[in-house]
Structure formats: C-alpha cells, structure tokens
C-alpha cells in the first residue's frame, strides 16, 4: 500500500500539474469572484470564508476523476483488484494520495488567496484548521463518487452532481468555523461536528467506494 | 494437485450469457489455451476466472491469491520508467526481484526508459514481465502475444515453459499460434450459450436472461 | 547572411554559448550593483525606507510585461516562419516572466501593507498583474501537458496570441470595473518622472540588470530546451531503429 | 549596517522574497541545463 | 452544417444530461452560496449578480470538454475535417450547439435562481439580457479551449485554467449590467462593451479554434 | 486521368520520419494496397494523403474534395440509429441516398438499431457503408476489414469492385488478404526512413529530426 501511495505521488509529480493545476484553478476562482461581486472590502470580507471554502471544494472536485479513471483505462485497476491488498485499502490510499496532491497544496495556498479576498488575519488559523480537518473528507467522498462513475465516458459533470450534495455538511461547518474565527466567536462546536463528519467518512466510505469499484470492474 | 477447477461454468456479459457449461481443471505444470470466434466470450470467461466478475452459474475453485491476470491493458504508467513500473507491481504483489524478469523479456536495455517511449511490442513485453514478478502460480492471459513480433513470441513461449516447469499453470485465450505444443486446447464454440437452453423461470432474475 | 540564420539550432547553440558568459557577468554586475546602490539610498521623507522596494518592484513589473511581449513575438515567428528555436525561446521565457510577475506582486503586496494599510487592493494595475500571472500559468501548463513538441509549440503559440488580445481586453475591462465603484486615485503609484535622481539612477541600473538577467536566463533555458529536444529526437530515433 | 527605520521588516521581506524567487529561478535554470547537457552527452556517446 | 447542428442537439437530448446537468450544477452552486455566506438578504443581494454570473460561467465550463472530445474519440472529427464544410464552420456550429444545450437552459433558469439569492425583480430583465448577450461568447471561447485540449488525456482542469482568464471581460461587463440594472443605473455602456466582445469573439475565435483543431488532428 | 499522384513523399510521426521517397499514382478504376510491418508508417501515410497532416517532404496531388477516409474509429454515435448515423454523414458530404449503402453492406435489417447495440463487425460494416454515401471518388482505407468475418470481407471486396467499376479509386492499408486480386500492392518496407539519409543541415530545423 505504501508502494501504491508512492507511485500515485510520483505520478502526480511527473505527469505535471497534479499539484499545480488545482491551486491554479483555486486562484482563478478567488480572482473571478471579486470581478463578479465588486472590489470593495465591505463586499468581499463577509463572503471570504464561503468563497474560499467553495473554491477549495470546486478545485478538489475537478481533479476527482483522476483518482480512478486513469487506472481504469490502463488496466491498473483490474490488476489492483486481483492483488493481495484489500480493495478498501487501495481506495483509502488513493484518496490519501489525492488529498496530498490536491488538498495539501490548497491548504497551503488558501491563506495567500485569503489576502485577495481581504480575509482578516485572525481568521487565517481557523481557515487552515478547518481545511485541514475538512478536506480529507472531501477527498474520500470524492473517491466514492469517482468509484461510482469510473466506467462512464465523460462522467465529469455527473460526478460533480453526485458528489456536491455530499459535500454540503462539510462546507457548512467549515465556513462556520472560519466565520466564527473571523468574528472572534466560539469555534468549538462546528470544529467538533466537522471532525466528526471527517472521522465518520474516513471510517465508512472506503467500503462503499470499494463496493462501487467492484461493480464497475465487472 | 489442481490449481484451478472450473465446473459447469456459465458467464454473462451485458446481461446475456456468452458461454455456458464449461468445465476443466488445470494442474501445476499444465497450460490450457482457449479458442473460439470473436465475441464468443473468451475475455469474459478469463475475467471470471481471475475473480473480476462473478460466475452466472457453476463455480471456479482455486487457492486464494493464486492468480495473475494480464489482458490488453497492461497497467503501465507512461510517466514511470520500465524499472519503476515493474518494481511497483512487485511491491504490490510482494513478489520477486525485477532483474530476472527484465532479462527474460529482453528489457534490460530499456530499463530506464519511461514507458511512454516504448513501442507497442515493448510495452507488451513489459506487461508480460510483470507476470514474473507477481510470484503467482496461475497465469491468466488474454491474447498475450498481440503486437509481438516472432522473436518475442518465442521468448514468451519459453518464459511460459519455465513457469510450467516451476510448477505453475497458465490459462490463455488467443487467436494465433503460440508455439506451445504441449498446451491443451479448448475450443469454446460448442459451449456457446443458447438462449433457449437455460432453465428459464427457475429464479426471479432469469426472466431477463 | 540573414538574421534567420540564428534560428538554426546548431548556429544558435554556438552563438549563445559565446554570448552567455558575458551576458551572465553583466547581469550579475548590474543587478547586484543596482540593488546594492539602491539599498544604500537615503530614506524618502514620506515613504521611509520602503522606497528601496522600488528597485525590485519596478524592474520586475516592467520585465513581466516585456517578457510576455517577447513571447508573443517569438510565437508569431514560430507560427509564421516555423523556426523551432523561437518556439523554444517562448517556452523558455515563460517561467522567467511568471517569476517576474510574482516578484512584482509580492513586493507590491509587502509594500502595500505599510503604504495603503492593506496587503491587497483590487486596484486596476494590481488586478491586471494578477490576470497576467494567470495567463503565464495557463501558458506553462499547456506546454507541459502536450507530448508532441511541434503540436505543443503550435497550440501554445495560438494561446499566446488569443491570450494577448484578452490580456489587453481585460486591462480595459478592469479599468471600467473599478471606476464606478472605487476611486483609485489615492492608490495610484507615483510616476517615474517625479522620482528624484537619487533613486532614478540606481533604478535605471537595476532595470538594465533585470533585462540582462532575463537575457541570460533566456539563453540558458533555450539551450536547455534545444538539448532536450535533441535528446528526445535521438531517443525516438534509436527506439524506432 | 544601514538604518531601515520602522519599515525594516517590510523592506527586508520584500528583498528576501524577491531574491529567493530569483535565486530559485537561476538555480533551477542552471541545474536543468546541466542535466540536459549530461543526458544529451551520454546519449550521443552511446548512440 | 445544419445536419451537424441537428445531430449535436439530438445527441445532447438522447445521451441524457446535455440539458439538465448544467442547470443542476448551477442550482447546486446557487444553493451552496447561502450556506457559505449566510442567508440574510442584506448579505446575499449585493453579491447576487456576481454569484449568478460566476455560477453560469462555471456550469458552462464543466460541459466544455464535451464539445470536441467525444467526436475526437470516435473519429468523427477526422471525418469532419475531410468533409466539404470548412472546419471553422463546424467549430462555430458545435459552439452554437453547446450554447443551445447549455447557455439557453441556464438563461431560462437564472431568474428562478435569482430568487434564491434575493435578486430584486427589476434586475431580472437585465440578468436575462446580459446572459443572452454574454453566454455565446462563453461557448465560443470554450470551444477554443476545448479545441486546444482535445487530444489530451483528462484535459478538464487544464481546459478550465486556459478558458477562465479569457472569461474575465465578459464576466466583468455582464455583472456590471446586472448590478446597474439592480440599482436602476445606466446600463448602456456595459451592454455595448459586452455586445462588442461577443461580436468580436464570434467573428474571430472560430478561426483560432479551427487552427488548434487542425494541429490536434495531425 | 489520375485521381491521385504522390511524388517522393516523406511523412513523419512524433517528429520522426517514418517512410520517405514514396511515389505512386492512382487512376480511376485502380486500387492500391499498402503493406508493411507494424509501425512502418502506413497509417501516417494514409492520413497525409487524406489531408489530415502535412507531408514532411514531397507532394500529394489530387482534386479538391476527392477523398473519403475511413480508419479504425468509425465516427459513429452510439446514441443514434444506423440510419441516422448514415444519413448524417450523407448530409455532411452532400452525398447519395442511404438505402443502397445499407443494402450493400447487409445492414437493412439493423437500420433502426442504435449503434451502441451493434457488434464490432456490424459497426465496421456501418463505417464502410458511410464511404458509399460520401460520393467521393477516392477511398482511403486504413485496415478496412478489421473484425469482419469472411462473408463480410467478400461483401466488402465486391463493394470496392463496384466502386472501381464506377470510375473510383481506392488506397488501402492492410495486413490480411482482401480478396482483391486486381489491386496493385506496394510494400513500404524499402521506403523505411533511414535517419542518416536526410541531408542534415540543409533546413534550419533539421538538427531535431
């Protein structure tokens, strides 16, 4: 399984863009919103937590189809399914690789983009904390969606549709943390909920995803 | 000791049975070649044996983690080198060293080349070298010699012979001659599924079959 | 002998190899000299010591734009006359331009904190630079995504063309967007003419230094690209043989 | 040492970031060029 | 060329989701924003034009890769390139088909989603007008991006990266129209600019896109 | 009258020449079959003749809009029926009615079936039927008989014969026997591009090739 993780990371680095493209897309989203809503701090600051979270979520979303589709096309998935590692483990490892290549760079870049949206400084630690806790769930749920749509031609939009509703709880609690952090409020409750969601997702979704994969390999 | 036993197997694809009533056993040191016209269901049968899809009827018996499957898609990553590709699969299957496998398929000279820069035949050879690092006794091969030239086919045959000599077994589907005269041949044509034959209203779901 | 002779890779390698040490030396001298000189200038009565940032900020901003123009020219030469070296030069220039844009943005942001009290303001000029950065990123991403070198050169060339038009369009759109809502006058940067001579000469020196630095990096990176191309061609040839 | 006054952090940060970026770019260019030259020479010697 | 248009429309209808998925994605985005920024009218109203435009733009974006990728995979593009219709015409027709299947439904749905975001009634005509004028440019620019990335495996994220910066002027003028419409201001200037951009794009970009396609068919 | 004249043609793929120095002409009523080992450049040559990629050297002369190209990918839409697929291409090429084409390739019985529900061979037949509705005189076919059974190959040969009799011409690449004895055969093996042969520093960019 460590070999699988290492390979997925190596591929993301070599194939180019594994790390960079998601962040670049995030940057563009953060830059587009002010064009839409206007450049004033008073307009941007209240929506900054929401925009940052939605942006991270969409960047994550757009790279989901890479989780399994490439391995499906070149037959690696067939071989992994016959390998002596449990498919659940493979799913978890691939979600982890996705998180490392997409989630982590997003988290690193988010404070920077927060500046663009005039996010106040005291909210930045909460932004990082909420993303750190929340994005693993995004990757894992995304892996589930990718597993469901892996056989479909151009399943991209369908994948988004399936996965976005699953993202809503994470999004709500994530932005709530940042908003409360911005207003110096108490962040304990949403943090707890967010951590709970992530823990639950990480514990259970690999099984669902592996089951979906098995169906699609048939 | 039999590595693989298939009894009265029926397999389906897209909701329709392709072949049915297939039975055979395969012992260590034996090779079986499946033949039959396009679309009869060779690929489907092999995927069933490899455990990638469930049998519609009948059973497949073998030891757990005994099978190594190789099909048209070789599971190679274009961005990784030949050695890296092979080492990855070796690590996943907990198998042997990659050196002998590279040597056996004449890939040593290409060891550091990214898989993207391989010709179709070289890719295929790498896909077959993967079998050797899995350390699995039962090889299930779907048209293994596609796009190989005559030399490479001979090389492949000798690799399979060595595998058989080491107590392994091989189940292959192919349209062309592999030069493996000691292998048994099973023509699937007589097993083609006839729509009328299945006992129709036995189960709930048979109404669709 | 026409100027196009230098578009021959072999000829280019020879000539650039001869120029390179001189360009590198001059770049090192001018850049470090200009920056040191700039660093030693007295404080501005209004901006304090932050005025020293101008010696990084302005040359970088200038080069960020000039490099894109150079890439556009090189792309056009490739698309029209199909000289590989010019396509490779455009490819080689892009990361340099992106870094220059980043420097302009970073120094501007750091500077903006004490001057305007904010790291970032959606001022038209700053916004245009952000957009320029996006174009650089897209251009480089496209190069790295396409395997076939000629197709990559063609497609990035077309992208550079269309992108340039839209970069200019965006500039005007941004001006329009920020006019009705936000008076940018208080934020507008001081024109160079008003700068006193104490700052002007070191500034000129760093500008020259940055240009020479760009030239040096461009030559090195183009040589790298040519070597990579040749290596790929040799490997492909060996593979096919 | 030059006196930077209350903006010392700002100025040093600006210079630090910029010089780091430039140094990274120069370093990457030189390393990539050396590697390309080495690979090409090896290929030309072998092939 | 009419045959091509008819076929593309028929395919969008039959394959399912051509019409619906984009709108569904738009709906989800519009629904996510209140979760992100809070449900108060005072928070939502000022950003409504921007969100609606950004949402329309992203929904448009996600279906772009369908413009050429499927035709490339099944060889239709090779055949179209040898057909007696100019490739520029084929590009324009395919962009038109994309607009009809994606842009038009978005325009129809936008007023409805405007309600979700508390867009005032007097802005709705301007929203529709700006989308009507602006979205054809989005489809055409998208076709250009799709033509550039057509040969690439999983070019989705790259396509977004290339196309989004090109969308900036359209987005700026589009939201400006709606914002001014909302505030009862004069919308003539941005309308004019938007129309100018769309006209220019429609006139010139097909050539660039056809050139890119030819390169990719080589 | 010659429909196609190729002089001293060199074509490249991935920046490297594949074949060079190829010359031939094709008159109405003639068929030419290209042969050669895998990877020699048959597909590349055919695509160049069809105008999908530029020649590296030499020239291809033919009337405008004379060529109909058919390759492995048939340009079929899975969601459309057989007739709809054919009618679309007929409309695009301004060609003839679809009825005779359906009949000639024995597709009449399948006319209303969506292309997704066709077998590989049936799809291939539909792809070939498309040639007939283009109304183009020069057919450029890349391995036209892949996945066809013996009956269909014979049917295809008779369609080509009818096309030649009507003044058309056909240029085909294939590995197997098409049963078209009247066709000339051109083996590309002697034309394989040799790296050293191109006059090196002649052009600006030859250092890469």
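Every chain is named by a letter (A, B, C, D, E and F) in the order it is written, and numbering of its residues begins at 1.
The criterion applied here is as follows: contacts are C-beta pairs under 8 Å (C-beta built on N, C-alpha and C of every residue); 3 or more make two chains touch, one makes a residue touch a chain.
The structure presented is a predicted model; accordingly, all values stated were derived computationally and were not measured.
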Minimum number of chain-to-chain contact steps, subunit A to subunit E: 1
Relative to subunit B, chain with the most remote C-alpha centre: C
Dominant chain pairing [most C-beta pairs in contact]: A-E
From subunit F, the most remote chain by mean C-alpha position: D
Length of the line joining the C-alpha centres of subunit A and subunit C, rounded to whole Å: 33
Inter-chain centre distance, subunit B versus subunit C - centres from mean C-alpha coordinates, in Å: 55
Distance from subunit D to subunit C - Cα centre to Cα centre, in angstrom: 15
Contacts with two or more other chains, residues of subunit D listed in rising order: none
Where subunit A touches two or more other chains, by residue: 17, 21, 24, 28, 35, 38, 73
Interface hub residues of subunit B, defined as touching at least two other chains: 119
Contacting residues of subunit C [partner subunit F, same complex]: 4, 7-10, 82-84, 148-150, 226, 229-230, 232-233, 236-237, 240-241
Parts of subunit C lying in touch with subunit A, wherever the complex brings them together: 109, 118-122, 127, 130-131, 134, 137-138, 141, 144-145, 177-178, 181-182
Residue ranges of subunit E in contact with subunit C within the complex: 144, 148-149, 151-152, 155, 158, 161-162, 164-166, 168-169, 172-173, 176, 189-190, 193, 197, 205, 208, 211-212, 215-216, 218
Subunit E residues touching subunit F - in the complex, by the definition given at the top: 2-4, 7, 10-11, 14-15, 71, 73-76, 78-85, 217-218
Residues of subunit C that touch subunit E when the two form their complex: 131, 134-135, 137-138, 141-142, 145-146, 151, 154-155, 158-159, 161-163, 166, 169-170, 172-174, 176-177, 180
